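All remarks here apply to the structure that follows.
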Amino acid sequence: MKFERYGIGIAKGMMVTFKHLFRSPITVQYPEEKLAVSRRIRGNELVWYPDRCTGCATCAKSCPHGNIEIVTHVGDENSYVVDKFEVDTGRCMFCGLCVESCPYEALAMGISYERAQYRRGDMVLSKDALLLSDIRRPSGYARPKVEVTLPKQTLLVYWDKDREEGGQKVNFLTLSKKRGRGV
Amino acid sequence: MTLLEQFQLWLGSIWPEWAAYITPAIIGVVVVLGFVLTTVIIFIYLERRLLGRFQIRTGPNRLGPEGIFQPIATALKVLLKEDIVPAKADKAVHWLAPVIVFAPILLIFAVVPFGKGAIFTDLNVGIVYVVAISSLSAVGIYMAGWASSNKYALIAALRAVAQMVSYELPVILSILGVVLMVGSLSMNQIVESQSIPFILLQPLGFVIFFLGTVAEMNRCPFDLLEADSEIVAGYHTEYSGMKFALFYLGEYGHAVAYSAIIATLFLGGWQGPLLPPIIWFLIKIVAVFCFIVWMRATLPRLRVDQLMAFAWKCLLPLAVINLFIIAAEVLWLPESMPWIMVVLNFAFAGVLILLWSKLFTLGGGRVEV
Amino acid sequence: MTIALNGEEVAKKITEVVPGSVAAADKMAVVVGSKSLYQVAEFLKSTSGLDFDYLNDLTAVDYLDYFEVVYHLTSLKHNHSLVLKTRCYEREKPIVSSVVSLWRAADFQEREVYDLMGITFEGHPNLKRLLLWEGFAGHPLRRDYL
Amino acid sequence: MAIRTEPFILNMGPQHPSTHGVFRMRVTLDGEVVLDVEPVVGYLHRGIEKLAEGRTYTQNIPFTDRLDYLASMTNNLAYVLAVEKLAGIEVPERAEHLRIIMAEMMRIASHLMAVGFFLNDLGAMMTPVLYMWREREKLLDLFEMVCGQRLTYNYMRVGGVSHDIPEEFLPALRRFVAEMPGLIDEYDQFLAQNEIVLARSKGVGVLPEDLAINIAASGPVLRASGVQWDIRRGDPYSIYDRFDFDIPVGSAGDCYDRYWVRVQEMRQSVRILEQAIPQLPQGEVCAKVPQLLRPPVGEVYGRIEAPKGELGFYLVSDNSIAPYRFRIRPPTLINLTALRDMVIGWKVADLIITFGSIDVCLGEIDR
Amino acid sequence: MFDIVFWVLAAVTVGAALAVVLLRDVFRAALCLVLLFFTIAGVYITLHADFLAVVQVLVYVGAISILIIVGIMLTHEVWRGNPSGKLRIPAIVVGLLLLGTLVFSAVTTKWQTSDVPPQEPTTAAIGASLFGEGGFILPVEIAAVLLLAAVLGAIVLIREK
């Protein structure tokens, strides 16, 4: 292999890195700065609406791993009463098939993504833990009605260009420069 | 007469002779150690931040304002880690290796002039001493590679030996060009005679010396000794804790030392207008180091046979030719017109580099087995 | 578009050269006896007009009565494909001759089939388990392995 | 007169910085020269083929995400195409277009990783990787927008795709398509002309054309050896026959050609995206398919051109809700066959870059 | 002051030399050889031969010892250490005889010591006497040519085919 180009290739490459020296970094300082995630995010946990659930167990059947356990008994008015609704999120692979398959929209993926636990046992969620609450909100995955209410996702494609959003200019940089220490 | 020698003389007049010898030595060691440790910490911070910016990251910025305490935290973390010695290791050699890698760096600083007269000892063989001492750390590297009883480390040790031996020659030959012009081996005189920095007077010599030293301090693109994509971490694969910290220190210490030598030999050392000499010197060191970081952020690595071919087929002949050119110029050109020399040498450097780019081949690389 | 060759027509051609080798043939595939597999494969690879130089996929299916080893062949030259199959009815130690010397592509795939299905490929240069470790009991992809 | 030396065996992996996963190479070395290489795989074996035999056709789609996790979308596509072929299901036009858009985006993302890590294996200290990662991140954002996940998409369904795209998807994709060629140019300028890269990768790890065909190499590895074979053109699936694109072909079959072919394929993928976005029709995104699909008895081999090569699914159906046999043809496992032939006689460093230029993904090799 | 330094260096030198001979581990023996070279450089410094000391480090520590260690690294079955051969006893005898002769001649010779203080910067003086007028320019050149021939010969010998 001959060095026929007199190091011009090396010089060009070094110019490229030099140019990047003056571009703003794209790092997002995670715990302090958070970007808006997708409206359809298949977040960490499920949200279960007991009033909509009929106990048909379609979700349990559709789960590839059989993580959802449902025990019902027949109540009055010929409907099922759900005794036990337990999801082992420790074995869940967040494919979203259960949410897609639910005919009554009684199950939704969660929007949050910070649900680390110290023990595997803590990841098994029972009926009460799956209910809608402040920290457990549904995402728009397969739920178009929820989707429109959620904030729009931050996109890296717009990292160097302003984007009009709700009357004010938002871009990736301004988002990642908002440096609020602590949550 | 350096500052330290004056101090020693003064001390000799009031204290017994042996104390007058030992006290300045201890002071010198402490000062050098302090200087090396602080600059190493600054350099580590600088490199990480700069690399971050080159790679559109931010780099460490959590600890302290803009992360300036990060190197200290890193140092603490490394020091507090468990010290692991492989069961099959040659314990004594394994223990000794990091010390031998680190010690020569301190010795190098004995002859580096920080300012006018601010030199620990103005050896009249200064620059040869630097070369001799810096070759010592190769001993430490192959000790580490051998004693770890790890095959990656052994490969790194073999590479180290080949690399050090090959690159010493072009480095020495390019230094000789400087020495010819100065007419002395003393570092102080080398600096003082640079009314025009030697980078302008001997561009080719500078390029050769720079590449050679980058190879000797195992920096990109010659970082084969710790080529992480090939041989994991090279010679210090099996090191942890305090010993690893010494290697880490040694690596950056080498960077500091060689940056200082490059600044002294080719960039005019502490000379410069307006600012005090020590500041100029530090600015030059940091500039050289930043350039090295820039190279590290950009360039891939050469292969081991290409590295050797580069040393023997490219740098060595160029260094010899450079030496002859400088010798001829020193003999025949009038000393009063250095600018002619600048123009002439830049022309020579350009022609030679173009010529070698045409002629030079790195060889095929494949071996029939 | 890759043309899938009609198995019956190819079977005729095979019978001409290696008589008695074809066990069954339909539009989709040619099934040959496990004894004459190598000869048939060699014929398919080297005959002009067929030129099956590319072995896409080699796998085996356990039909409980027998194992079926399936070869998906393609000719990059003519852009046509063929499914070649062979069956072995032995359950304890099924043996099929290896085609590694024809298509090196079979190297890892035969090892994988040997590993997971327990079919020995005779003539394979390095028939070791690929995914599981040596000494693993049983062959997991068999239908009777639980 | 040669110095008598002793070869030694080096176990590279399973934990090694550049084995791209839990992969082990048993390398016999004579000094720096590679005498023999034996790849050892199986550290990530999860038995997906066995697991799939106990799950319905739909439930198997998430498993395909976990094959080549750098190109989940194409794995989904390959599987659903095979199932559709088996069951004879027609796919709506819009879904076909969406599938192609997703597959080409995925190809760019996968090639970005391959190219970046190839340069990293060359020793370029993470810089190219981080630049390429930035572009890949833009694509992952888009995937996340569509299906809610960044790595394991589970987007394709038998009969179409699971969701229609949101309204802000197309503007963002258009912007990406517009800026991507310029960025590829910049990366070309960055390292493709670098003398060290050329010296390290040109002529290294040569895979001759006949050997490439014989080992059934596929994807960029095959095309770099000079074989103009791309399943998108040779055996068009979905609606690839409607798009205009070139098949970049290398000449020498060395590491540099494999790198070059990947870069050119990214350009071609951008071209396909440019054509597909304006054509995107309105309509349904998924055909009516029973929830528990029971394909007729039979077998099918469906293959597509995944970023890493020919990804095939061999499915045998016994008219039950689960496949009787579920076989994945992993492209990189078969490409890996060539490794030994490519590196014998070269140095350790060449072994690393040759391995990097094959672009393996251990999730796929071990399944 | 220099006396103390000299004796320390001398003791280390002798110890290192003994270790080179006596250690079973070849690699450690080689390392002791490096130490030996280094302390000898120290002795040179105490003799005001600074250029010689630096060259000693440069050549012996920087180059020769590295070559020795490469040789050891490439040796077969190096873990076996120093093998004890049949010649062990004769070697000891010859070594002791040589030592005796050297000590005897060193003790009995009348050393001519001059009272002239050593030249301080030795470098220029060495250069002048090697390359200057009436110096050793011819022997130096002959030695250089000889070394070049040796290097070329080695390359020719090592080259395969």
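Think of it as A, B, C, D and E in the order they're written, each chain with its own count starting at 1.
Just so we're on the same page, a contact is a pair of C-beta atoms (placed from the backbone, for glycine too) under 8 Å apart; a residue touches a chain by one contact, two chains touch by 3 or more.
A quick note: this is a predicted structure, and the numbers were derived from the prediction, not measured.
Engineer: Enumerate, in label order, the chains that touch chain A and chain B alike.
Structural biologist: D
Engineer: Counting hops between chains that touch, how far apart are chain A and chain D?
Structural biologist: When the steps are counted carefully, the minimum from chain A to chain D is 1.
Engineer: Could you pull out the chain whose C-alpha mean position is farthest off from that of chain A?
Structural biologist: So the chain farthest away from chain A turns out to be E.
Engineer: Looking at C-D and B-D, which one has the bigger number of contacting C-beta pairs?
Structural biologist: Pair with the higher count of C-beta contacts: B-D.
Engineer: If I average the Cα coordinates per chain and compare with the overall Cα mean, which chain comes out closest?
Structural biologist: Of all chains shown, the one whose C-alpha centroid lies nearest the global centroid is D.
Engineer: Farthest chain from chain C, going by mean C-alpha coordinates, please.
Structural biologist: Measuring from the centre of chain C, the most distant chain centre belongs to E.
Engineer: When the centre of a chain is set as the mean of its C-alpha atoms, what distance in Å lies between chain B and chain D?
Structural biologist: Computed from C-alpha means, the inter-chain centre distance equals 44 Å.
Engineer: In whole angstrom, how far does the Cα centroid of chain B sit from the Cα centroid of chain C?
Structural biologist: 62
Engineer: If you average the Cα atoms of chain B and of chain E to get two centres, how far apart are those centres in Å?
Structural biologist: Using C-alpha averages as centres, the distance is 27 Å.
Engineer: Could you tell me which residues belong to chain D and also touch two or more other chains?
Structural biologist: Touching at least two other chains: 127, 131, 134, 190-191, 194, 196-197, 199, 203.
Engineer: Give me the residue numbers in chain E that touch at least two other chains, ranges are fine.
Structural biologist: none
Engineer: Specify, in ascending order, the residues of chain A that touch 2 or more different other chains.
Structural biologist: Touching at least two other chains: 1, 3, 5, 7, 10, 13, 16-17, 20, 26.
Engineer: In their complex, what parts of chain B are in touch with chain E?
Structural biologist: Counting only chain B, the residues touching chain E are 17-18, 21, 90, 92-93, 123-125, 128-129, 131-133, 135-136, 138-139, 142-143, 146, 154, 157-158, 161, 164-165, 168, 185.
Engineer: Considering the complex alone, what residue numbers of chain E touch chain B?
Structural biologist: Going through chain E, the ones touching chain B are 1, 25, 27-28, 31, 34, 50-51, 54-55, 57-58, 61-63, 65-67, 69-70, 73, 120-121, 123.
Engineer: Touching chain C in the complex: which residues of chain D?
Structural biologist: Residues in contact with chain C: 41-42, 45, 47, 49-50, 53, 211, 213-216, 227, 229, 234-236, 299, 301, 303, 310, 312, 314, 316, 324-325, 327, 329, 333-334, 336-337, 366-367.
Engineer: Across the complex, what residues on chain A touch chain D?
Structural biologist: 1, 3, 5, 7-10, 12-13, 15-17, 20, 26, 37-42, 62-64, 93-97, 100-101, 109, 139, 141-142, 147, 152-159, 161
Engineer: Show which residues of chain D lie in contact with chain A when the two form their complex.
Structural biologist: Going through chain D, the ones touching chain A are 55, 58-63, 65-66, 127, 131, 134, 137-138, 141-142, 144-149, 152, 154, 162-163, 166, 168, 172, 175-176, 179, 186, 189-191, 193-199, 202-203, 291.
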